[in-house]
Structure formats: structure tokens, C-alpha cells
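Chains: A, B and C, in written order; residue numbering restarts at 1 for each.
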């Protein structure tokens, strides 16, 4: 039945390569993957380049330059399924912090010749540029989840990537809630599951690396932080502006809080 | 003590694939093992498992008196149903069931029957027509009121003549007319006032969208049919079908075991509540 | 019922006897700033001399002034994790050509001793018994582990800040569902345990222990202890006509108000000792020839929970909170002829924003009067 192996491509845009490294980090599973699919384009792993079209494209990174804005269209055109991997590709990444500032001003401070710099005013997620078939959140993505997504797409099923809170995995693991038991501010209740509650399991609050969960109620959590845990408004804003600052719910909440002031 | 896991499907083999229209398929399935029971009652459903993809609840649409196989009619809209739609004769799938409540046909004996179907809702109602045909003399007048969005959405067209021969009236209506359509256009509710029925001795079985069932039930009520004689079939997310997973709750009811078939008077109030 | 006294010095004999009878002991122990349930090896694993302070959205371990073994209230874990594990593979399947072969998972063989089960928690187990083995279909894992279980209960002599077992009529005294029940007596000059057997299994265990008969005064100490706990209830819930109250108020404005605070994070459902919802995860590997089915804890607070073709039935947070609370306090009565709430207070303590089920119910009740 399997006439040819499906072709997989992995693309890089503005990003740190961490999500691609997660794929390489799959090791044993990666070898199995290589026997089931043709790794047609993955410069981080192999120099070999097989021409498109591709059955599944994994896209890392956000769109920050005019050149990339054009390139992502080409990737989309060459791909049957396009899945974004990681915070950059899904929400604009840490580089989307520029979205809240004046980029020209930054460039003038950082570069000797800012006129050489061709950059867009905003770092945007892939979905703001082309149609996306699935978004895998996480900074970086989880090894277990990327394998699940690849398996799901190759078998034409829905990936088992629950969009609920980190709390659900935290509690299922039996981890004691750091916020309730220790008063440590934690973003777990508004953050998308997938990391296996890594930080709370090591006695730290969640930093929201996996971005917003489905229907997050950010104002309520922030009211509790401020009222009960004594977190300052400006610190709450900063916590929401890390890896997923431009994810819609985070962006809206932090902007609103900034407007309301201290 | 040998404990059978009720979450384990049994293998069935596809005997026949019949496409009803571009996205609805009817599968005849025979169990791999002859000891697997295939009995069900009209209105019940089973969980169909597509290998590695997932499981979905699907009503039985075949004849309850057919001893060797089960029949299901499926709209291919999601990953699981699409995978089921790709199966060919001879392929296997997993099945567990039957589950849930049945249309109260025994109580309907001696009465006039209205079968009201909306679109794919015809599938769980077809077993009623088979059952009635088996014992036609036990029922009074029987009318099928069948609405579909478009003429091509009607199911089981090749059986309509047989049903008519069994003295079953068929009234059809479409939401959107096409050039070759000569019948009624509008909603199924518009057909109810035209039915010749004796309200106090009428039983109705309805299956379609919730809104269609509610308004059809209201029309029947207006004609004087008792709410307790109107049955409807509900659908919700279902993971286990045996009362464990909690997903199919509808107020106090579990659709999987207290339903899917309910007497309208038991759930009319619940149907008014949004997002219940 | 035979009542006996076990001294603190001899408490270790309970561990030895349970082990001798082939039980692995699970019970309270301190981990990560809370008293949780885990495997216990010896008496010193118990939270000796510790207690907890609990209020809505807040839990803190506190040092006691004495060396009590059971001087704490219920924590973030519940016993359900041992009978209804958070994640369990139900079966594996292989596709060989056109044949489908399903291989079920083995069932638990270990005998477990639950040590320190509180009255509200016994009720929670009895409630889940109805769900998993009381109907037409039985859950084989639950049934097997439940049959290989000895319940050593502990009467509460102090109550926590979010406790309301008295309102739910589930405690603080253990009256059923235990094999052996312990009441701790702690005074300046004595530290002893009053033991009562509830079943022949408990009696057999008692026969293994170095105990003496209790005096009527000592038996009275049990009554005094539980009466003390009953007086200390941190919360109260008026349960009169509660099912009808909630079921006639599906459209109450209070739901909108609580939805402003609710995070839909599902913590209340996961800490609840009676919440039984699960989801099924069907997966396949890269080859597509090996498939598995897993069952995971789920929650009515997720969008997927009510997903049907076209979207989620309960897409608003309002409808999800309402589903949880009305199920717990109202429709549970229709379904299982009991309340789904045992008054343990976990959902109040472990809600990250301190939503209080008793307060929400009272608000709806008050608006009617």
C-alpha cells in the first residue's frame, strides 16, 4: 500500500533552533522516523535536499523580515500540511517583544549602520502570514508531542495534544501546587499543557513557555497574584511578556494591565 | 475471575460498502468470531473503532432481525469517520456495543406512527421501519416525514418503494430546491399540520438536529399528540459509552445509558437551557 | 464492636502486621510542602508532629506542638489515584495485514493498605464504587484493586479551615466502609490509639496487634474527639433541597459572576475525590501498525470534553463551572442517589483563585430568600 515514503521538511525562520534540536534529540525515535518517512529538507540534520512538494512541513521561527514574509509563502505552496513548531512560529516568539516598542529606535542604538538592517516592525506568527494546519506550542516544543504530531499527520488522525491547563498535568503527576502551598506565582492555570509541569515539579512557578491554554482567564489570575501574593503590576506585565508575549490572550492582558497602570 | 474489559472492541470485517451520497456511507459488518453477538434494538448505537485513529458512537441503521451482521451509516466529517470511510470490503474495524436505550416500539403497538427524520437522523430511524414491516399488522397508520437540506442528501432511496409497499406513507421536504425537485420546500415542521393522524393514538419518533426535533415535537403537540408519546434521540461527546467517562452528561442524564432515546416530556425543559 | 488500645510505642506493629499479611502500605507523608499520599515504609514516614492550615486558595504546613501522627487534614491527593489511576493503558493493538489483534493490559495484583482514610474520604470511595462497579458495566481495574484493599481509617479529632463534612453528613466519625478505624488520643502523659474493627478482615488484623481492651472512658474519648472536630468545621453548606435549588437556577446571574473568577484550569475536578471523568486517547506509532488506547483523567472544564461536530457544547466558562457544580451537588443525586460532594474542602483549598463551592451555593440560595 505504501507506494512511497511521505516527505518531511523542516524549515527555519527567526528562531533559536531549539525546536529543531528537540526533533534531533528524539534519537532512537528519530531513526525510526527516518525509516518511515523521507527527510526531504532539514538543513539542521542533513545537507541532502529533495525537491518538493512535501507531505508535511514543520516550520520553526517567526516572520521578521520582508524576505521571510515571501519565503513562507513558497513553503506553504510546496506543502500539503504545514505545522508550526514552537513559540516563535506559533506566537511570534521572544523577538515579538519588539511589537511593544519602536523598532527603528532599537536598530539605531544596536547597529552602527541601521540602514543595512531590513526588518519588519513586528515579529508575527506563521498563521498571520499563511494558512496553518496545526500549531504545536512550547518553548521549546516537547519531544513526545512532536512525535505525536508527526504520527498523527502521517496517519491522518487528530494529534492528541490537549489544549487544557498545565495544572491538569501537574495534578495528574501528583505535584503539589506551588501557588497554593507556597505562595509562588505560577502561570500554570492559564498556560497550555505539554511540558509535563516541568517547573512546578522542580518547585518553581510556571513561566508560560507553552503559551496560553484554551479560554485562559488571565485577568482573574493576575488579580489573585496582586491581591493575595503581593505581585506588583509591572512584574505581572513582564511575566506575560516573555516567550509568548504576542500570543493574543497574553498580549491583550498585558496591554490592558499596562493601560490600567499600577 | 475473568474480567472482560468493556473498553475492548471486537474485530468486525467490512462485508459491504454503500455510499449514500458524497459523504455518507453505509457499512455492513460481520464479526470475525461467530460467537460475537450482533443483536441490537432500534435506536441503540455502538462504538466503532478505526485502527489507531479513534472511536466514535454510531447508531445502528440496519435491520434488528438480521442475525449475522450489523449495519451503520456514517457521515465522514472527522478524522475517525474519514478513516472508517476509507475502509474497503474485507477490511477490519473494532466494534463494541450495542449501547443505550431503544425507541419504545412495544408501547407503540396498536397506535399510529409518525417517524420524523432530519438529514442523517434517518439512519437510527430506519430500524424502526424494518421492525414495523416485520409485524405491520400490529401498527396503525405509519407516516415517514423526512427532511433534508438538499434532494441528494436523502438516504436509503432504493428502499422507499419497499416501504411504500408496506403501507408506509412518505412525506419529504427539502431546505433548498433543485431543478429536478418536484416536492415540498421548507422545514419538516410544515408537513406536520398536513398529516392525517388521530393524536390521542399517535406515537412519534424523531431524530435530527436538536432544533428540528424540538420544533417538530411542538408541532405534534399542537396537533394534540402527547409529549410522553414523542421520543427523540440525542447526541453528545462520548468516550466510553458505558457511564464511566462523564462526557455525555446532559443535566441529570447520561446520554450513553439513559439515552440516546428519551421521551420528549423528560427532557423538554433541559433542551431550553443553553450550553447544558 | 470490639474496641482496643494500641500504644504509640507499639504503633509500628501495625506496619509489620500489614506487611506480614501481604499488604503494601500507602498513606500520608510530607512532600513538597504538603501532606500527600504515597508509599510508606515505616512509622517515621508519617507526618509526625505536622499539621496544615487551609483556607480558600491557600495551604500551609505548620508544626504542631505535639507529636501527633494523624494531626492534619486532607491534602491535595486523594485515594482515587490508586483505584482509578490518572493515566492507564487499556490495551495495545496490532494490525497484521487485515487482521486486528487486541491485547488487554494486566490487572493489579498488589494488595494495598490505605492508612489514615478520613470519614469524608471513605464516603468518596463509596461514591466511586457506585460509578465504577455499581452499574451494568464494571471497570476491571477498579474492581480488582478495590477487592485487594484494606481500609485503615482515622477519625478526625480536629477539622480544617475548608472542611464541611458535617454539612454533607459524611463525618467526622467513620461509620462504615472501613476495616479498622483509628482514633488518636494525645495528652501530656499518654499517646495512644483507640482501634475498632469494622469487618472480619479488620478483626483479623486487630488480632495480630499487641493491644489491650479499651475502657469505657477511653471509648468516650473517641466521641469527644469527633465532637471536637465537628465543632471546628471551617465551612458550612445548607443542603436542604439543594438539588432542586440548583436545578431551578440554571440561568442564575451568579454563574456569570463566578465565571469572571473561574480559570477553567480544572484543579477542583482533579483534587476532588469523587470526580471520575476520563478521556480516551487512541494513538498509533509512526508505522501505523501498532495502536494503543489510554485512559486519562479528564475534566468538564476543558473544551474538548463536550466537543461535538461543530464545536464545544459548553464553550463558555460559565457553562463549564455550572456543569461541575450542579453535577456535584445536584444531578449526582439523580445519577447515583447520593451527593457527589463529601465536604472534604479540597476544591476550595486548591482552587488557585479561592472559589468556594459553599459560598457559590449560598449566594444562589440567599438570592431566593
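As a convention for this text, a residue touches a chain if its C-beta (ideal position, glycine included) is under 8 Å from a C-beta of that chain, and two chains touch if they have at least 3 such contacts.
Keep in mind that this is a model prediction, so the values were computed, not measured.
**Student:** Where are there more C-beta contacts: A-B or A-C?
**Tutor:** A-C
**Student:** Measuring centre to centre, with centres taken as mean CA positions, what chain is farthest from subunit C?
**Tutor:** Ranked by distance of C-alpha centres from subunit C, the top chain is B.
**Student:** If you average the CA atoms of subunit B and of subunit C, how far apart do the two points sit, in angstrom?
**Tutor:** So the centroids are 40 Å from each other.
**Student:** Just how far, in Å, is the C-alpha centre of subunit B from the one of subunit A?
**Tutor:** So the centre of subunit A lies 43 Å away from the centre of subunit B.
**Student:** If you average the Cα atoms of subunit A and of subunit C to get two centres, how far apart are those centres in Å?
**Tutor:** One centre to the other, that is 37 Å.
**Student:** Two or more other chains in contact with one residue: find those residues in subunit B.
**Tutor:** Touching at least two other chains: 52-54, 78.
**Student:** Give me the residues of subunit A that touch two or more other chains.
**Tutor:** Counting only residues that touch two or more other chains, subunit A contributes 155, 157.
**Student:** Hey, what residues on subunit C touch two or more of the other chains?
**Tutor:** 282-284, 288, 304, 315
**Student:** Could you please specify the touching residues of subunit A with respect to subunit B in the complex?
**Tutor:** 155-158
**Student:** Give the list of subunit C residues in touch with subunit B in this complex.
**Tutor:** Within the complex, subunit C contacts subunit B at residues 90-91, 93, 95, 98-100, 102, 104, 107, 131-132, 135-140, 143-144, 247, 250-251, 276-280, 282-284, 288, 290-291, 293, 295, 298, 300, 304-309, 313-316, 318-319, 323, 327, 330-331, 334-335.
**Student:** Could you pull out which subunit C residues touch subunit A in their complex?
**Tutor:** Contacts found on subunit C: 31-34, 36, 57-61, 76-77, 81, 86-87, 260-267, 270-271, 281-288, 296-297, 299, 301-304, 315, 317, 349-350, 352-354.
**Student:** Can you list the subunit A residues touching subunit C in their complex?
**Tutor:** 29, 32-33, 36-37, 147-148, 150-151, 154-155, 157, 160, 162-165, 167-168, 171-177, 179-183, 186, 188-190, 203, 213-217, 220-221, 223-224, 228
**Student:** In the complex of these two chains, what residues of subunit B are touching subunit C?
**Tutor:** That would be residues 3-9, 11, 13, 32, 49, 51-55, 77-78, 90-94, 235-237, 239-240, 242-247, 249, 251-254, 257, 273-276 of subunit B.
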